[in-house]
Amino acid sequence: MIRLENLTKIFETQKGSVIAADHITMEVPSGEICILLGPSGCGKTTTLKMINRIVPPTSGKVFIEGEDTSGMQTEDLRRNIGYVIQQIGLFPNMTIEENITAVPRLLGWDAKRYRERARELMDVIAMDPNIYLNRYPSELSGGQQQRIGVARALAADPPVMLMDEPFGAIDPINRAVIQDEFLKMQQALKKTILFVSHDIDEAIKMGDRIAIFRAGRLVQLSEPDDLLAAPKDEFVESFLGDDRALKRLNLVRVGDVVSSDIGTVNPGDTLATALKRMDEYGYQLSILMVNEQNEPVGMVPRSVASLTRGYCRDHFQPLPGTIHMGDSLRKATSIMFAEDTTWLPCIDDNGKVCGQITQRAMTRHLGARFRAAARTATAPATGA
Amino acid sequence: MELIQYAWTNIDVLLARTVEHISLVGVAVGLATLTGVPIGIAITQSERVARVVLYVASIIITIPSIALFGLMIPILSVFGHGIGYVPAVIAVLLYSQLPIIRNTYTAINNVSPALREAARGIGMSPLQRMRQVEIPLAIPVIMAGVRTAVVLNIGVMAIAAYIGAGGLGTFISRGISQSDPRQLIVGAVAVSLLAVITDYTLLALQRWLTPKGLSRSAGAGA
Amino acid sequence: MLASMLQRFGRIMVLAAVFAAGAWTYATGFIDEFLWHWPDVQYLTMQHLWLTAMSGSLAIAVGIPLGIVLSRPSMARVAESIMQVLNVGTTIPTLAVLALSMSFLGIGTTPAVFGLFVATLLPITRNTFAGLTGISPALLEAAAGIGMSPTQRLFRVELPNALYVIFAGIRTALTINVGTVPLAFLIGAGGLGELIFTGIDLFDPAMMLAGAIPTAMLAIAVDALIAVIAFLVVPRGVNPNRA
């Protein structure tokens, strides 16, 4: 857990004093990722860097795991906080192993222990220790270097990590991959993480909570879905963009919207049965056909069923696509738009059908949250 | 042919002079490194002091060596060391300061801010940062400074033969005064070869001292 | 506070030292002796400057065009090896250059000017080459892209952008030149070296200083002069000293 209390930074410049961070008070519960988000110069990076005193705070307190850090030695404090920066900052004169084990060596671990730890960490970041441990940073790609940067921060197993736009310098394709890997890693490691970003999409993807900064102040601290549904003021709203409803598509899983009570046909059913079942369930256009293992194999269109006689197995058409229960609504929408369809069968890990998702259900789900948020927004604001 | 024969018959003197030349320059640049590197590190703490120190060092290096000898001899003769190897070694010491101080200073100053921040962020103390990050990264550039100083001062030491410091310059000075082209050419070629060979040797040493991870990216000079 | 007090104290100490040195030299009759050399100093300074001007302008006139030619893409294959040779050349001590020049050309002004020319040429060519080849390829591509001919590119883009580095080369080269001119005396070309070397031979401190002080001051003055010229001539956008 990280708690900031009235953390303030005033820079004295020749043109007078500038308040870079103004009484920031917030808390990140253990095991969560909190994204500090805002335009450049909003104080998010200053706030982050005050936690490990790269920027010494003017006033205010930082608590880590409930303990006031102001009494700690700066070096001890930093060795117990993982730190990842955008420029990565791997030491070019050290091998990958020496880079990863930098903190354990500072902490005086014995050689056997930190070497083992280096191999463990390489497994965590999915890089082959035998290939990479003896290489130098200049021999690695940008994405690999940042993985090593993350490994170095994790080396002494600190409960808390600070990340300053860690994936900002990586190309978009690799960034998505490394974000996914990082999230997977976080599920196992459960670190408490403060993460600076200026990319709203990254924030929504990575954050359990998002803190929006503006001109040195913390404007709003909410869970991503709440943030998108109920921005606190016009600044937040404009920062989120006018497609914020679309951004929520990333946050909602297919499983949240799926309707599991669906009508299907088997290859052995007659087309008449198919037509009857479509009427029963109110399907306008088509019905899903599944095999004995309950796997989706095709669909029978209403036009065919109403004009032809015979069995489904002879008259079905291929499915436009299927969607996994864990996928985001964004992916579902994309497939629907691309294939010009209003519904998709949903499958589980084994490829069995467990329901279907329709455009109607999606818009209703999203709209319900917006209407609820609009109601609470008019009531006195609580928290954040 | 005649030259080679001359060189061969005088090989023992030639070698003795070469050793003398190398040891004088070596000792003086060695001492200069012991002072220049700490000064270069120290002045990274204050830009103003750095500017003054580098300015003074650059003025010193501008003064022609023979003029420096001319200035030092009257002063040093007060202590009874007007002529000989003492003014030569002092001149080499002084001339070496600029390349060594400047390279040390720039190398340490050029360590990227991101690297410095990373080193601070993982909890290295200032001394640890210096020892584990800044100095290893600066070594190739510092070595380049030492190399510049050595090559420069091989030439200065040749001139110092005129103030009785010995070394390979003796051949040149005798060659000129005795109008003996054999001594003149042997001396000039020997001192030139010494400079070129030393330059390459030190370059090899510089590469060898460069941390492995840097060898591809770091440039040789500064 | 403390710093400014120390500074003032330091200044007073320097003044006092200079004054004491002056008083001491005067008391020993040193200044009279020194002034006795004054006509020689004047004459030899002119000779000194003439040697520098002659060899220096020759070196600039040859060195810059040579650097430009070597930097052309068509020369790329030979340029590297020629630069290697020039790099080796710069490590050769100036006394050796003069000595070799003398052994082939004899005694007098010609071998001295030639030796000085060679010693001065190398840094100028080296820096011209480095300055021109160091220009970012994007800049050259942009210049070509807007339709400049190779000549236009050279004069409007490449040379102005390389000027700072070229001037740095000229400065180094001429400083070396002025510092080497005293050695030219050894091969019979005169210059302030005459006072220094003769002073050393005769162990006459006044004579040594009469040569050494103007030589040192000349070197510093030439160095400063070129720095000033570079400051004024190099376009502001590519002049780190004129941000």
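For reference, chains read A, B and C in written order, and residue numbers begin at 1 within each chain.
Note that a residue touches a chain if its C-beta (ideal position, glycine included) is under 8 Å from a C-beta of that chain, and two chains touch if they have at least 3 such contacts.
Keep in mind it's a predicted model, so treat the numbers as computed, not measured.
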Task: Pairwise touch network: line, ring, star, complete, or other - done: line
Task: Chain ID, smallest distance between chain and overall C-alpha centroids - done: B
Task: Centroid spacing, where centroids are CA-atom means, of subunit A and subunit C in whole angstrom - done: 63
- [ ] Calculate how many whole Å lie between the centre of subunit A and the centre of subunit B, each centre taken as the average of the chain's C-alpha atoms.
- [x] 57
TODO: Using mean C-alpha positions as chain centres, tell me how far subunit B is from subunit C in Å, no decimals.
DONE: 19
Open item on the list: Give the list of subunit B residues in touch with subunit A in this complex.
Closed with: 112, 114-115, 117-125, 128, 132-133, 136-137, 211-214, 216-217
TODO: Write out the stretch or stretches of subunit C touching subunit B in their complex.
DONE: 88, 91-97, 99-100, 102-103, 175, 178-183, 186-187, 193, 196-197, 199-200, 203, 205, 208-209, 211-213, 215-216, 219-220, 223
- [ ] Using the touch definition up top, name the residues of subunit A that touch subunit B in the complex.
- [x] 52, 54, 74-80, 83, 85-95, 102-103, 106, 136-139, 152-153, 162
- [ ] Could you please specify the touching residues of subunit B with respect to subunit C in the complex?
- [x] 59, 62-71, 73-74, 77, 82-83, 151, 154-156, 158-159, 162-163, 169, 172-173, 175-176, 181, 184-185, 187-189, 191-192, 195-196, 199
